[in-house]
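You will see two complexes here that share chain A, one where it goes with chain B and one where it goes with chain C.
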Partner chain A sequence: MEEELKSLLQDIESLKRSPSDAKALDSIDEMQQRVVRIMNLTKSGASRRSKVKDMSAEVVDSNPYSRLMALQRMGIVENYERIREFSVAIVGIGGVGSVAAEMLTRCGIGRLLLYDYDTVELANMNRLFFRPDQVGMTKTDAAVQTLSDINPDVVLESYSLNITTVKGFEIFTESLKAQGSHKSGRSTGVDLVLSCVDNYEARMAVNQACNELGQTWMESGVSEDAVSGHIQLLVPGETACFACAPPLVVASGVDERTLKREGVCAASLPTTMGVVAGLLVQNALKYLLKFGQVSPYLGYNSLKDYFPTMEMRPNPQCSNFACVERQKKYIQTKPARDAAAKAKMEAEASAAKEGPLHVENEWNISVVDDSEMETSNASSASGALPEGLTHELPSADKYPESLVVGEASPLVDDLEDLQRQLDALNAS
Partner chain B sequence: MEEELKSLLQDIESLKRSPSDAKALDSIDEMQQRVVRIMNLTKSGASRRSKVKDMSAEVVDSNPYSRLMALQRMGIVENYERIREFSVAIVGIGGVGSVAAEMLTRCGIGRLLLYDYDTVELANMNRLFFRPDQVGMTKTDAAVQTLSDINPDVVLESYSLNITTVKGFEIFTESLKAQGSHKSGRSTGVDLVLSCVDNYEARMAVNQACNELGQTWMESGVSEDAVSGHIQLLVPGETACFACAPPLVVASGVDERTLKREGVCAASLPTTMGVVAGLLVQNALKYLLKFGQVSPYLGYNSLKDYFPTMEMRPNPQCSNFACVERQKKYIQTKPARDAAAKAKMEAEASAAKEGPLHVENEWNISVVDDSEMETSNASSASGALPEGLTHELPSADKYPESLVVGEASPLVDDLEDLQRQLDALNAS
Partner chain C sequence: MEGWDRNTKSALTQIPLLSTRAGPRDGAAWTQRLKEEYRALIAYTSMNKAGDNDWFRIAAANPEGTRWEGTCWYVHNLRRYEFVLQFDIPVTYPATAPEIELPQLDGKTHKMYRGGKICLTVHFKPLWAKNCPRFGIAHALCLGLAPWLAAEVPILVDSGMVKHKDDEASSTKS
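For the complex of A and B:
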């Protein structure tokens, strides 16, 4: 196309020199043809698909949803089209968040809220999603550009802001509260928040907002050495919040001394980030569309292809006030929940004759027994970890003060002992 | 841009009607400015990054390789830049293969060979990579378009052909044999073949070519119900080939009766395919760059986030003649391999004082003991499977005849018994 445009410019230049020349008419004809060719070139490069009103299961090449609606016919998902009613917020549009956004967009999610304050750099090109021609754009603008081309049916809202600033946090929580056109029985405006940020402060901000709003969210992370990652489900009051227990990461088994040197940029790989994004969105789909089991915590050690899982109960002594309030509310509403669960079970039992092919699991998570939770304490929240899991922060004195219950508390002793055990395990 | 072009066409039209008009010169000036604007618009939308001669570890925003070279400084990879010497062939540029190609391209692989006979359809848009504006292009052309924009340093070769045809198979094997500019001590022209095809015949064709050439390859697959997948390493003569044992898949636990109905298209999800592509390329990187442990077989059950692993030894009674020849050669070369391994261990022991931080594993795989292999037989190749794994083909009478050793052979009995056990397991 560049060549065509250059030639066009030359044509105009010569026309300018002799506008009333005998050859002028011929040259104008030629110019006209050239423009038509350029228009065709442009068109083939930017043809967007039109919006699709209803998701159809029809098996034709032109149907972008046929392979998703097939999930219904195959008995995996009861009602796939419900995906259009859901709103998901993604905080951090980097190596994990951008891929998560693309996956949800291609799945036909109803509404996506995107948050990031960064711009696209060439240094991001070793991860999926962003393209070199988007360098310099904000990550949210570049994401909206790409995602709206991929699927114009998705409602995209982008927020170029830093959620760890006072102003940014305020806009963040307000945007989560704002109800979209579909409400699907939720208290906030979104059904799920996915945290795909790369630092502790931003995770604490997401944690604070979600505890305040009673908003279920999923956390994700990739290690600085690029070879391990994790995802975690957080339901305020029901599971541990991000402040209940020191954050867990999957140990890569690589000598810690080689990591976290001063002034060294973190490594990253499109593979690890793609896997973490895939596991995150797969669990988000299971949660939203009610199929399979949502993992409370899933780690990924890529050097050994090892995937530890565990559950984390909330800490009644959690330093986060909003979390403690959510825990109280969760216990208070236990009788009502039990009654509802009993009624549902009875209704299902009476409908068992023509019962569904696959048993539905209301929230797709294995709920922690309330009586256990009531007796849990700080040390049980930091109890034995599965092999290969370790805490993100290397020693107790580096934990934020609010997390340390008291001087020489059992929590700190347990953690130091645990760290020694894990160090020995990783060294072996 | 479309509007600008339309206006330009109108300008030319009016100029054509009155070429010697007094206003002609003004209008020509305007046209000139318009074309310059169009050129600028085109440029901003298609600015490609220039080629990078040497991979640098410099931590600047403009360096597309800084986050990859950091793997070296962090002690994960000994020499990341070696990636430029490797050639990888990807067969099948669909939901898994296209993402695998993008990951390797962003990692800066030296040369990629892409094989597919299909064209892009809107029905592919529920998986990553292809864009709606590429509908109608061959998948290989569309992939080259996208990948060369992302990373112009990668040498891309595309083959739009069907490897299961006689002619296609011939071009396929010839292209694998052709040496690139970097040889890195390999016998064929590629270091690794990744199979990302979606059918049995194409897998058998890849298996045949790789057995004939002694070419190490990795197989990948996603189930028809979109919720499980697997990857597998195949080293001719050393591990089971694709014909040695009936192909394994990860059971989703979903009732088989709801699957594989006549005339029903397969379901697919960008999540499952993204995870499988990520696990596949991560293992390819571990194999090529010699870090971590390459998984001989890794399954993914997304409903339960369960990842079974296992090893599969070659079957001395394998129906594939080339496989049996490779097995014989592998046994013949055992003394030479043992001697080389011994010499290497001794050299490492003497260098132990200033030894490397992480012990190098020559081929990054846990090699099956040769003495064990020599005594292995058909029934051991189909021995006990880890929980959740099952064979892809539901009952013995559906296996290709060449795989069945004889009437009422132990292999068939074992498999039927196994199938019953797995069915019971999946039903529970």
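For the complex of A and C:
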């Protein structure tokens, strides 16, 4: 193809040199430019950059990582290249998940696991990432196609399945456990799970898997009216799990009763989705590369440009058994954690040994750490939510247990018998 | 429960409540939960039959009881409209309700998610969350599917999106 175009270009060149009138010369010039344009197009289509072995900080146009490695020189990140050792699972490759995947890919993450059961539709085109020519492909395959073009260094795994079904959930947890090529100290095969799903069922499934595996994850969401969103860090046993308290939503700031809910077609905006994906991946990068403060909860209300933050402790009476188990383990390891924290504090203190700030303290004034008091317990959080946050669902009513225990015994207690009874009813 | 009609309310009070908090991955506890599901379904079905208000058939489609299939129907202008009914029990059941599907209506109404999952978000999900783990499949049909059919089928029929099977047969013949 390229050869042919080159010879065509030569032919045009020779035609130009042969005597002819000015008008013909103009059209020959135009033809020449068109051939050059086509040549450039074919070149850009064919050139896929080869893999890069080591991330270089060299500032040249051809280095895909120079601007990222500059984070080290700026003193933001200590060792940026570590990003290649990390594996991140993204559940839900929709408006938020696909953009998060692209951000992590461009950052040069080591391995990405992508989960979704949906296919790309034209109705998705108001959001970022997917292209009209990918309509009909599974979202995971379409994402792998684009992402591997952008950065061939990233190992991509695509899982087209529904994690809320029993079978899908099994494959999901197995794939999280499977160790990738990078051996590291982590208990599962991934360093972080990002939940970018759009429904409660899938969030609860991610929550279940992460509680069982002791896997840290981050949850994200955009409201149905597309004007607010949130991200949340969930460390099993340490912070509230998704089942500890009814999920929070950022109130949109308009009277809920004035909102018309005709049909279930949710609204979406590329802007809100992009903002939430950005907040999510920023928090993920801070968590993985250990810089700045990782937000435990960050809301986004676009109507008022309000960003509420809060912290949630786990609920000791959480209905999720795996969560309660994780909480017990977390409490058990408290002495070790305290010792480590103390050692770290002492090391820091000795490093920065200075004289006391004030030699005299006549009135015994001291600074009290109030972080302990501020963090709220999830079980009592309903009254202590920051302004602008509300619960999405009510919490389960307390129900007198006696009603259950006192059930009469003459009930049929054989599953097959019960099945037959229902079949008989169905048949008549 | 404000805003619910008297019939639904009285039907609801007669469906036995469940007590075991167990999902399909919980082994023996799940079997116990399944028994309770059957008891509730049997009670609800017999009650409907006795009240001449029979409107669905549902049975487990696999031995584990994680997949359920059947039919449901709604009478509008003295004609009966019947639909295939199916759903999976989610791994996080009963914390999350089953997502009831009417696959034949997929794409015919916007009050539905992909794959024919009916929208339960507003009228049913908060109730389910509030009554976990006491509500089961029978309650989901009574409070989730029944009001959905009552609201949507008349609109679907009147707008011509759903045709009665007799009309459909004659229209294909002619």
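Methods note: the second predicted complex is superposed on the first by the 304 of 428 C-alpha atoms of A that agree within 3 Å, B and C clash if a C-alpha of one lies under 4 Å from a C-alpha of the other, contacts with A are read in each partner's own complex, and residues count from 1 in each chain.
In the analysis below, a contact is a pair of C-beta atoms (placed from the backbone, for glycine too) under 8 Å apart; a residue touches a chain by one contact, two chains touch by 3 or more.
Here the structure is a predicted model, which is why all the values come from computation and not from measurement.
In the superposed model, A:A243 lies in contact with chain C only, and not with chain B. Using the contact criterion defined above for the overlaid structures, shared-chain residue A:M204 touches chain C, although it does not reach chain B. When the two complexes are superposed, the chain touching more residues of chain A, out of chain B and chain C, is B.
When the two structures are aligned on the shared chain, A:N320 is found in touch with chain C, with no touch to chain B. Of the two partner chains placed by superposition, only chain B is touched by A:M103; chain C is not.
When the two complexes are overlaid on their common chain A, residue A:A178 makes contact with neither chain B nor chain C. In the superposed model, A:T164 makes contact with chain C only, not with chain B. Of the two partner chains placed around the shared chain by superposition, chain B is the only one that A:I150 touches, whereas chain C remains out of contact. Overlaid on A, the two complexes show chain B and chain C touching the same residues of chain A, namely 261, 263-265. Interface residues of chain A facing chain C in the complex, by the touch rule stated above, are 118, 163-166, 169, 200-201, 204-205, 207-208, 243, 246, 261, 263-265, 319-320, 393-397, 399, 403-404, 407, 411-413, 415, 418-419, 421-423, 425-426, 428. Of all residues in chain B, those touching chain A in their complex are 1-2, 5-6, 8-9, 12-13, 15-16, 19-20, 24-25, 28-29, 31-32, 35-36, 38-39, 42-49, 59-68, 70-71, 73-76, 99, 102-103, 106-108, 121-123, 125-128, 131-133, 135, 149-151, 224-227, 252, 254-255, 258-259, 261, 263-272, 274-275, 277-279, 281-283, 285-286, 291-293, 295, 298, 302-305, 307, 309, 357-358.
Residues of chain C touching chain A in their complex: 17, 19, 21, 24-25, 31, 34-35, 38-39, 41-42, 45-46, 49, 57-60, 64, 66, 70, 88-92, 95-96, 99, 109-114, 119, 121-122, 125-126, 129-134.
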